[in-house]
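Scroll down for the structure; my scribbles are underneath it.
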């Protein structure tokens, strides 16, 4: 549904100064023309476009992900290029040096790919299965909660709090992730529950 | 070698010798000298060809001789290095015999006779005439200019050491010097062809007595006079 | 932001102070350069460094970090003295005319009710005088000795240009030039916008920095108008959203807050949240608090939340201290009082003050869980990296689990931008390896925890067992399911009071707006301010119509803006008391005799008569507050306080150290450099660079190319004094740690004269660490002090003390 | 605001210009008739530039270059200079304005200017290694490049760089692949403040006037357009707040021209050179025809024998 918006974009509502570039007008003559020896074939041809939002600052620039393969068709998709979305009111297709290099963060050599565990005193991470990892985590959390949960304070008031374990919520996740996190964590009575709003 | 110009030992060089007989043969260049010369000659030709291919578009086709433009660009300076050292060898061998002499001035004054081939009107000459000396010193000077300016524009190794303006001057000088050295080379080669019997000197190493008598009589007399200077002959 | 990025194009004057928009928000900054190019707008930058924003500014004034309040109160003083006040606005839309209780006083930097032991105030006197009619007493003439206006005038009188120069180091003429330009915006047809960020928040009095500018903006009549407002640039996308959804220790979604021990039940809790209007006819929107709260509780516990059990009110934890912010969390870790800590993204080892203390804290945990798409220092805090992270690995008994998550390009959902736009995005790539979305991880933790409580029982399992979990695949709630919950839905039919045969609300449907929410349990809503974002009409956040009628910059049909798709908050204030726009050329709303018309969704009822209802509907007064009552822990008026680590004593209150009510843990006080310490003579500040984003882009080869190596910035004067060469190594140390850095020696930083003393500034970017593609380097938090803002605990990263010397670099150690 | 160029096409599109749209070709001639297309240009408004380096990041990502990670040398310029992997570079200058005593942080995006009269192309000895398209773009054809570095010496702006890896010359292509499908270059697309805009050269001049008016209104009375006539104008132009002092912008040349040395070398030089060599050869031939061979006569041999008589070696 995000693709339907026509590309007329802002050319209709051009701001001050000249009324849009005549780029489309120049050169285009012979439809059969082949790329010149020096000119690389246009690399976005036959890629799939997906509208997304830059992950960095709260300007939240519109971006377009170009991928080989289409998730909407149930295919695996490899992102091959990322560029600003010219239709976006805020950034108008522009991006900052971080945004312009988004592709290299998606493909960073230091992306995490498997659950890992560093055992007490060890000097390295070892691979571990998701089940093992999640069970470990939940075990520790429950044992701690059962041990340190405070139902009543000294005054006998029901306070139902748990302050010996905590979570630092993400800042780059969606509202939806935030809400799921809120439900899961608050329902345990956890209070040491913060985010990065401050830094 | 303290006596005055008239009878002081002349520019007979190691390996020069005369063999009486019919005809008389004269050893002019040793094997070493000849190998040295031909390495130099081949490098110079290759340099000229590769250089010219990058000098004027109409000659770019010459790069095929070297396996294409990239190879031409890469090899040219290395051949230059070979030429430089090879020519240095020749220089050490021949510089003394190429020192300027009074008769060279006379020879130059009578350049018309030289061109007309009237040797009899010329003074008796030692191992080299003024023309050859001119070629020798010309080559020496030009090769130094070329190697110097060449290094300045040898970007692969020397890019950081000079400014772009200096490189521009260098490449202009390099091109100019190259043109001149090619002309000198033409004179050199033509002279060898025109004066029959010369080429043998650099191939067999020998010339006939008659050739020596005609073109370098003073040198021949000295050889005959067995007053070999510098010692260790090939005899 | 009260306004939006695209609205900045409408301004006449941009003041960038307490931020560096060009550096940290380049694409938003575009609207500043547009305002300049198209409206002839001017840009003023006030900052310790001549920064990237200053490079395109019309006027730059230097200021010593941590003295913004003095500068801003100086501006307010200038406006009041020179009659540069938008009187109609101040009289009708602010509490200038309100009378303050007898007994309220201010002396030597302290207000009435200070308790030095508690480092806190009894704020009883910080209130309005309530008249016999039960409403706050006012004096329309503003002349009353206890009117807010009179008190403010007295309060700011001391902040003369001379005092500003003495405190801030801003040359008098430069201050006056700024004051002159700013004061021009008191005209109803000239607006100024304030763009600020962490440069104001990261101080022990960060909230008051911002509040002071907000007061100035009220006096100039610039709140609620196009091209005006208080515009927090905000940091990460989606930190606005995380805050909206209330992921803070003391918050509930939609800016409601958790109960404290003093509020044993729902009744007691609500009693302090009645918010009855303080003036006649005012909206006081928080009167609906109970509807929002009950609807939230219904979304948490669904059918299990009933009137009988106060809708599960007791299933929420209560606070025994104001908050369990992350500074307190690390303090507790250090004291060995924490067992497990989960980091969902983020990299606290780099991001919070005093790295040494952070390492000590993490080392005392039983379990640390890091969920992240990328390698972080936090996940490897136990790994020895020589001088960059010199820890005794074998001695650290913390078990660390590192979980790979998807990144933005691989997940779906909404992010809230600085302008409160909820923008939906779609996944474009397949995640690498076994990376999983955070929603899956959270669901797995919940399901496993619930299973254990079912089988083993344990401490108070009710809130976990009863948590409403209505998702098609319980193991992976979809973004759509979750966002529809936040928008809110109708739980039970509500008959139409007019005609019981008809249904006012029909069970199972999405609510259309928060106006439909009810406090009887018949509606559920996860985050009331998001109501309207996913209605029966579909996903409003996915709307992509970029049409903008009359180029106002509103883009009303682009995504969804909370609340109620309102693009400019307090927009009622864009028109005068009669509902006529202050500036017809910048009309936003207008009263046409029947209703409010214009380009935005009015924040008051569309048919509420202009003279009746004030624009500041979230305030019980209905007007903007120049006097904050007891809402701020550190005073109803802002006061200049020095940073805890300051190169000079506070000239207006020499006895006061830092912010008198800021929370400081005992051990940390011992780790502060003394005021004007000869040991640590230089005033340091930390900041971001445009080439990097926090500690993520170290992992990005391209950004590492653009800014490869940790450096500090110093003036040519300091470099000369210390024999530091451009590009040479320096060692910088504070009372908490020491770093090596390359030196960028620049004309853009100049020594300042404060109270007769030469102050050298040391600028310290924050982006380096021991993992990633960039060169190994030190994070700035090796140096920074462990103290936060008095109201919201934002660490004081912007002003601290260091010493510096030329060095041969880390290799030599 | 300069209206954004719509998002790129993903459907196959035929290029707007190609090999038959060349107006210049190094060390060779172009097949006539070379008809001129609408000239394009990139306008860099230095007064709007915040030095964020988005252009550099976008350039790397679009052109898939692999610039190595360097070190900090005491300035914001990174990498420290243009490289075969970094086609554009922000150059930062801290300048104290003597009139106002104000510090000005001048930030100029350096890179190929796409000269109307390109010195690189003039100097290039390899046929077709450097071409100029009918829309003004000057492009390097790497298949034909021999890596001689003559383009470096020919360029008045010190732009081309020779790769140590494949020994070929690299520089900004003005994203010819993007322009070919009606897009602007990657740097222009990214530029957050639209300090970089792209369009036809006429539009760019018009836009520049609009910007210069604004600058003059702010007291920059010497604001102006940098479109140096010495190289026939450029297809990358600057708006400068101090157009009277281009050199304060990290040594932007005041009046760039192709160096007279290069003109001499690549102009008359190469013809004179060939001529001289030709003459020398011809002279030899003529002389031989006139004078004939210089032969040793029997008398000479006889004299030699006489001279050597009785001497035994």
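Labels A, B, C and D are assigned to the chains in the order they are written; within every chain, residues are numbered from 1.
Here is the rule we use: a residue touches a chain if its C-beta (ideal position, glycine included) is under 8 Å from a C-beta of that chain, and two chains touch if they have at least 3 such contacts.
Which chain is which protein? Per UniProt: B = Formate dehydrogenase subunit gamma; D = Formate dehydrogenase subunit beta.
No experiment lies behind these values; they were computed from the predicted model shown.
Closest to the protein's overall CA centre, chain by chain, comes A.
The interface with the greater count of contacting C-beta pairs, when A-C is set against A-D, is A-C. The chain with its Cα centre farthest from the Cα centre of subunit B is C.
Work out the mean CA point of subunit A and of subunit C, and you get 21 Å between them. Inter-chain centre distance (subunit A to subunit D, centres taken as mean C-alpha positions): 40 Å. Subunit B and subunit C, compared by their mean Cα positions, are separated by 85 Å. Distance between chain centres (mean CA atoms), subunit A to subunit B: 74 Å. Residue positions of subunit D touching 2 or more other chains: 1, 52-54, 56-57, 60-61, 144, 192-194, 210.
Of all residues in subunit B, none touches 2 or more other chains.
Looking at subunit C, residues 26-27, 30, 34, 37-38, 690-691, 701-703, 706, 773 sit in touch with two or more other chains. Pairs of chains that satisfy the touch definition comprise A-C, A-D, B-D, C-D. Subunit D meets subunit C in the complex at residues 1, 47-54, 56-57, 60-61, 67-76, 78-79, 86, 94, 96, 102-105, 107, 192-195, 210-211, 214, 217-218.
Against subunit D, in their complex, subunit C makes its touches with residues 22-23, 26-27, 29-30, 33-34, 36-38, 40, 50, 52-56, 58, 60, 690-691, 701-711, 725-728, 742-748, 773-775.
By the touch criterion given at the top, residues 1-22, 37-40, 52-54, 56-58, 60-62, 128, 131, 133-135, 139-144, 173, 176-184, 186, 189-194, 198-200, 203, 206-207, 210 of subunit D touch subunit A in their complex. The part of subunit B that touches subunit D in the complex is made up of residues 17-24, 53-58, 60, 63, 68-70, 72-74, 115-117, 119, 153, 155-156, 159, 164-165, 167-169, 171-172, 175-176, 178-179, 182-183, 186-187, 190, 193-197, 208-214, 220-221, 224, 226, 235.
Residue ranges on subunit A touching subunit D, taken from their complex, read 7-11, 14-49, 64, 66, 81-87, 91-101, 103-104.
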